[in-house]
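Following this line, the structures themselves.
Next come two complexes, and both contain chain A; in the first it sits with chain B, in the second with chain C.
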Partner chain A sequence: MHIAEGFLPVGHAVGWTAVSMPFFAHGIYRLRCVLRRYPNSRLLLATSAAFIFVLSALKLPSITGSSSHPTGVGLGTVLFGPSVMAPLGTMVLLFQALLLAHGGLTTLGANAFSMAIAGPCVASWVFGVSRKCRASLMVAAFLAGTMGDWATYLTTAAQLALAFPDAAGGFAGSFVKFGSVFAITQIPLAIVEGLVTALVVDLLISYSRPELVELSFIKEPPDEELADCNGSRSPDHCAPCHGP
Partner chain B sequence: MAVALLTIAPLAMVHNVRFQGADNAARDLIGAINPGYRPWLSQVWVPPSAEVEGLLFTLQAVLGALLVGYFFGVCKARSDKEKEI
Partner chain C sequence: MSFHMPHLNYQHNRWQGKPAGEKLVWSGGLLALAMFLPVYPGCLFVLITAAALALLSARIGPKVYFCLLLYPMSFILLGALVTPLSLSLDGGLTLRFSALDPLKVLEPGLRSLSAFCSMILLPLTTPSADLLPFLNKILPEDLTELVVLTHRLIFVFCDTTEQMRQAQDARLGYCSMPSAYRSLSSLLAALLLRTLDRCRRLESGLSARGLGRSLCMLSQRQPCSPNAVASTVLLLALIAGLSLSWRGCL
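Now for the complex of A and B:
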């Protein structure tokens, strides 16, 4: 989803940067709140950022015969909320723009909007809706990871279509063209991202209960229930599934 | 399992393509839609070769994976300790 350096007209580059700025600033503010409020979850926050680092470095082949990469923003979104992801995602994009010639400084605003703002917002919304529909944490995390990833690429397609409307079809015609490059390629990769996100959430539930409880991602079962878990019932039964 | 399958399957299923980056495909499409467009700025710095680019991408993934691994190591140690008590 990286729009290459100089590949957005000046007006669009400036515009997207201006749009992304307030989200970025709010994200920094939220980041400080999170660090102050959940001091024990700092390492988990760093891990969510590291998760973006790993996933966005992996270019995976897709059925359309081209390669693309997941975004990794779904995990941090479901744990810490979407606003925190704006600075974290932008940091990764800046690294890639400066050292990997992927994306660019002029297109950083547009790329940050798609990956660090639009993707997390959609992921957060999907997570909330799936939890309301009584989906388990794993299923909700899968859907959030998948849809957040896909939404990122749809946003990029829309950004490019806005900048380069088709001579015949206008914005819609161009959106279909860019969409066919990004969105279809991304379907299997988005599913991969969803699966990996759900996998990590599952690992966190098994190994990182104190942090998740602190974030009220899960609720600690009362002691009697814990005692029950040591008995004959399966541990699954006791895994609390009350969302935030 | 499913993750590995989804990643490897395209390599086996689709032949005679180079799995070029979708970002580059989009760049080509810009050229097709608006042939007159010239990027007004080029990259600040470009890795000197595909190998060096690969190295930097690996470095990015390794740094991330290292931290993720460290976190789960800390958690595992903590839960083992709790079990001992």
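Now for the complex of A and C:
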């Protein structure tokens, strides 16, 4: 759930935009480098952004009987890295604000910080640590998707708590309040999103290898190894990199 | 599970022929007023003006307009429910209603609603092609290209998703919670693969036709009328003046 248009006081909206700006600028620089180096990845980047948009537009059934939206940052981070996700996620948020009425223009900075910066950073860190601990790609993608989602919503709760501190409990009290409200839907939802991320990564490795190799997500194995990967061996044998 | 993409009916509204710059002044001006004016009565005036412009002047369908309001309303209601609750961590965890003025509790919600109605005026009345010249001025060309491509793909994805969801629904794919999650996972995986394939074919087709790096779009660029912009600014200043004088700030 993104912060609605105009919900944050002006000072907070401007402050969060200023905090997000360096990440956004760095992301644009990285994105231009990727596009210059791999011109054909333009469609894959746009596809990923549009996929994140559709993912976040889908309503998932939750155990509380309500429905909520996944963030979709885990998949983008695993494929492209956290720096590229800053402009990509901000673009998705802009379209969400203009086409789906989720979020807004004044709260774009705050929403971008939670969904396009904090979430992807955590997802990337979790993915990297999981791979270093020799977790399989599926497990690492699941953890990245789940933790990225939780990080996004914890950041949103912190942003709302900073803007509207509790009369008695201050920031901590307000953070617990907003965090509890989000937790009802986000804990099960994040697990579902993690599962979906793992499934999609697995399918991409099986069927979209050329794009993943081009983006340096996986290294091009020697011919005989590639034959093994396409045959009896598991895709996990192909070493993944950490995005372009 | 449901999938709903609101149809922003910019093709069927009376502001269709209006220059994009003029609509941008209206939407941006009202948004700025919603953020900076005192909530009572400033945001109320902005809300009424934005709704009147959309429903009466631009003739946006009331059903489309109120459907779009549902999501921000749910966020605002959630905020209004949580804000008056006070959580104390001293001497154990206690939760009680704080003695806040009800009008004070509604302030962020009302400001948010008026800001949203101001913002949505632009996408409801303006096709994206008309906004591209403005986007080109603030973003690098590569990124604008990516934004345009993503915008196009979003609608391709949405159509494909809707068709796949209907097919799954017809086969009782969403009749229980476990089957809903299974159906959703397979829908997303199949969707990504299908659209990647479609993109690959699109890229090959466009390359074969000698397409360069950028996609050219035709748009009817109309210059802004200075009189119209001046009258809009005057009306916005009138709203600001009226709100401030009402509060005794002038």
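Rule of thumb we're sticking to: the second predicted complex is superposed on the first by the 210 of 244 C-alpha atoms of A that agree within 3 Å, B and C clash if a C-alpha of one lies under 4 Å from a C-alpha of the other, contacts with A are read in each partner's own complex, and residues count from 1 in each chain.
As a working rule, a residue touches a chain if its C-beta (ideal position, glycine included) is under 8 Å from a C-beta of that chain, and two chains touch if they have at least 3 such contacts.
All of these numbers come straight from a predicted model, not from anything done at the bench.
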TODO: After lining both complexes up on chain A, report clash or fit for chain B versus chain C.
DONE: clash
Open item on the list: Contacts for A:45 in the overlay, against chain B (first) and chain C (second): which applies, first, second, both or neither?
Closed with: second
Task: Touching partner for A:32 - first (chain B), second (chain C), both, neither - done: second
Open item on the list: According to the stated criteria, A:164 is in contact with first (chain B), second (chain C), both, or neither; which is it?
Closed with: both
TODO: Figure out whether A:58 sits in contact with chain B (first) or chain C (second), or with both, or with neither.
DONE: both
TODO: Could you say whether A:176 touches chain B, chain C, both of them, or neither, answering first, second, both or neither?
DONE: second
Open item on the list: In the overlaid three-chain picture, which partner chain does A:185 touch, first (chain B) or second (chain C), both, or neither?
Closed with: first
- [ ] Kindly list the residues of chain A that each of chain B and chain C touches, one partner per complex.
- [x] 1-7, 10, 43-44, 46-47, 49-51, 53-55, 57-61, 63, 67, 95, 97-102, 104-106, 160, 164, 166-167, 174, 177-178, 181, 192, 195-196, 199, 203, 207-208
Open item on the list: So in the complex, the part of chain B that touches chain A is made up of which residues?
Closed with: 2-3, 6-7, 9-11, 13-14, 17-23, 25-27, 29-30, 33-34, 37, 39-47, 53, 56-58, 60-61, 63-68, 71-72, 74-76, 79
- [ ] Using the touch rule from the top, collect the residues of chain A that touch chain B in their complex.
- [x] 1-7, 9-10, 43-44, 46-47, 49-68, 95-102, 104-106, 156, 160, 164-167, 174, 177-178, 181-182, 185-186, 188-189, 191-192, 195-196, 199, 203, 207-208
Open item on the list: Per the contact definition, I'd like the list of chain A residues that touch chain C in the complex.
Closed with: 1-7, 10, 13, 28, 31-32, 35, 39-40, 42-47, 49-51, 53-55, 57-61, 63, 67, 87, 91-92, 95, 97-102, 104-106, 160, 164, 166-169, 172-174, 176-178, 181, 192, 195-196, 199-200, 203-204, 207-208, 211
TODO: In the complex, go through chain C and note every residue touching chain A.
DONE: 1-6, 8, 31, 34-36, 68-72, 75-76, 78-79, 82-83, 85-90, 98, 100, 108-109, 111-116, 119-120, 122-123, 140, 142-143, 145-147, 149-151, 153-154, 156-158, 161, 174, 177, 180-181, 184-185, 188-189, 191-193, 195-196, 199-200, 202-203, 213
